[in-house]
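Per-chain residue numbering starts at 1, and chain names A, B, C and D are given in the order in which the chains are listed.
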Amino acid sequence: MISATVPIRVRYAETDGMSVAYHANYLTWFEVARTQLLEDIGVTYRSLEEAGFLLPVVEANLRYLAPSRYDDRLEVLAKVVEPPRARIRIEYEVRRDGRLLTTGYTVHAFMSREGLPLKPPQIVQDAFAKAFAEAAKQEG
Amino acid sequence: MISATVPIRVRYAETDGMSVAYHANYLTWFEVARTQLLEDIGVTYRSLEEAGFLLPVVEANLRYLAPSRYDDRLEVLAKVVEPPRARIRIEYEVRRDGRLLTTGYTVHAFMSREGLPLKPPQIVQDAFAKAFAEAAKQEG
Amino acid sequence: MISATVPIRVRYAETDGMSVAYHANYLTWFEVARTQLLEDIGVTYRSLEEAGFLLPVVEANLRYLAPSRYDDRLEVLAKVVEPPRARIRIEYEVRRDGRLLTTGYTVHAFMSREGLPLKPPQIVQDAFAKAFAEAAKQEG
Amino acid sequence: MISATVPIRVRYAETDGMSVAYHANYLTWFEVARTQLLEDIGVTYRSLEEAGFLLPVVEANLRYLAPSRYDDRLEVLAKVVEPPRARIRIEYEVRRDGRLLTTGYTVHAFMSREGLPLKPPQIVQDAFAKAFAEAAKQEG
């Protein structure tokens, strides 16, 4: 398993009339954690785009256990449990002071800018293979 | 089954660097359709809030089949298949020119402003019961 | 003067912890009215982009006189007072039941996708010239 | 003069079809810097709200000099040049690698939750007075 965690501080813009973070924002926070995870293993999403690969979301799921509020400091964890094949599945956990607030996952496919499905680029396959090998070594 | 459909025109603000609507916006469009469905059966979300009932999302799911682009005219359908009990489950379909682009569902619970779970207010139960009875008559 | 008005219904996603529409959303609503104004005179923003012209905002100003709330039905007016030259200046008025809530303006420049300044495309100059001529006739 | 600077990393959700950050997001980033500035002088916006004071934006202005892109690391500076009286005026500068991309300002008024204008609370006046006194001492 490989993972990355990013800090998120809830913006006023992200709250709604219930004085809690609007539920769609969690998808954006997932994106921030996903960006970090990809960068950590050496594949920036930006470089993928420049190489002609888009990585759109094909499925998303969220479970809201407890709300977050303006100015809350959250931790958003993204993790990949299995090396990706055609698709990448990423799981998420949002916490405040250790308490789990939200869980979810997204599934991504590789696509060309014209919308055609693509095989994952070799650099991505290699990067994940290397990251999983290192994680396995550390886990012992 | 009861349902409502709203037109959505994709805003430039809603697009992203892939020149398609960012995936989190579909949750917002679901909200617009849900608001309409509740209003159609005589229960505005606003009146619920004023009566002290919040209706937060406790689960959300989205499947993205094809992207939408800036200025696209979409139709967003919200439907409730079974009369709600403790929770309300609403399903969604987003279409452009009849073509299905996205499906999803949200599950909602009734809560007090203090975050305590509440039974669905009687007016909501009555409104859904009446709407389902009418729908059954029409289908019948 | 040429103008266009669009209806906006305030989304829950657009409210904030003050239970009013978050102030940045007005810029998005301005965009919706601007899109309509351009379409009304026969120039869709989409066609401009496809022809290689971007029309980024170079200045924006907003004055908030009174708030709007969830589910409010607003009218957003966009107007162009003088035929554009190198830059286009568009003014906005947001109203609810005739009451003025917000005013503002944006200034736009034509640019290439690479970020170089461009002269306004001839079709845009012609479209504005025609629209102003027609408006003058009607007012006349 | 008192000021605060926050780092902002441009989210994919914040980009638009031009592959640059959508212009309305700068208002949100201004908010993040403003929150920090208030916190730095010992007044959290959250505590103001809990004490019954809202601080809505009554005017906003933005000048866009150059765009920002996905994953850019920005620095957003908020500064208050004069101790606030009835209203607070805050100025902003957005930079990437030292290069100035955007400037702007917002003006805020104190209001009750019912929308009535209020005098700035004493704790805010004291906090700004103290912060300006310290800044003057440091500037010598």
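Assorted remarks:
In the analysis below, contacts are C-beta pairs under 8 Å (C-beta built on N, C-alpha and C of every residue); 3 or more make two chains touch, one makes a residue touch a chain.
Bear in mind that the values here come from a model prediction, so they are computed numbers and not experimental data.
Interface note: subunit C and subunit D, two copies of one sequence, contact each other through mostly matching residue numbers (shared numbers exceed half of all numbers used).
Centroid distances built from C-alpha atoms place C farthest away from subunit A. Subunit B and subunit C have centres, each the mean of its CA atoms, that are 29 Å apart. Rounded to whole angstrom units, the spacing between the C-alpha centres of subunit A and subunit B is 25. Annotation for subunit A: residues 12-13, 17, 24, 27-28, 49, 70 touch two or more other chains. Residues of subunit B touching subunit A in their complex: 17-18, 20, 23-25, 27-28, 49, 54, 56-64, 66-67, 113, 115.
Across the interface of their complex, subunit B is touched by residues 12-13, 15-17, 19, 22, 24, 69-70 of subunit D.
Contacts from subunit A toward subunit D in the complex involve residues 9, 11-13, 27-28, 31-32, 35, 44-46, 49, 70-71.
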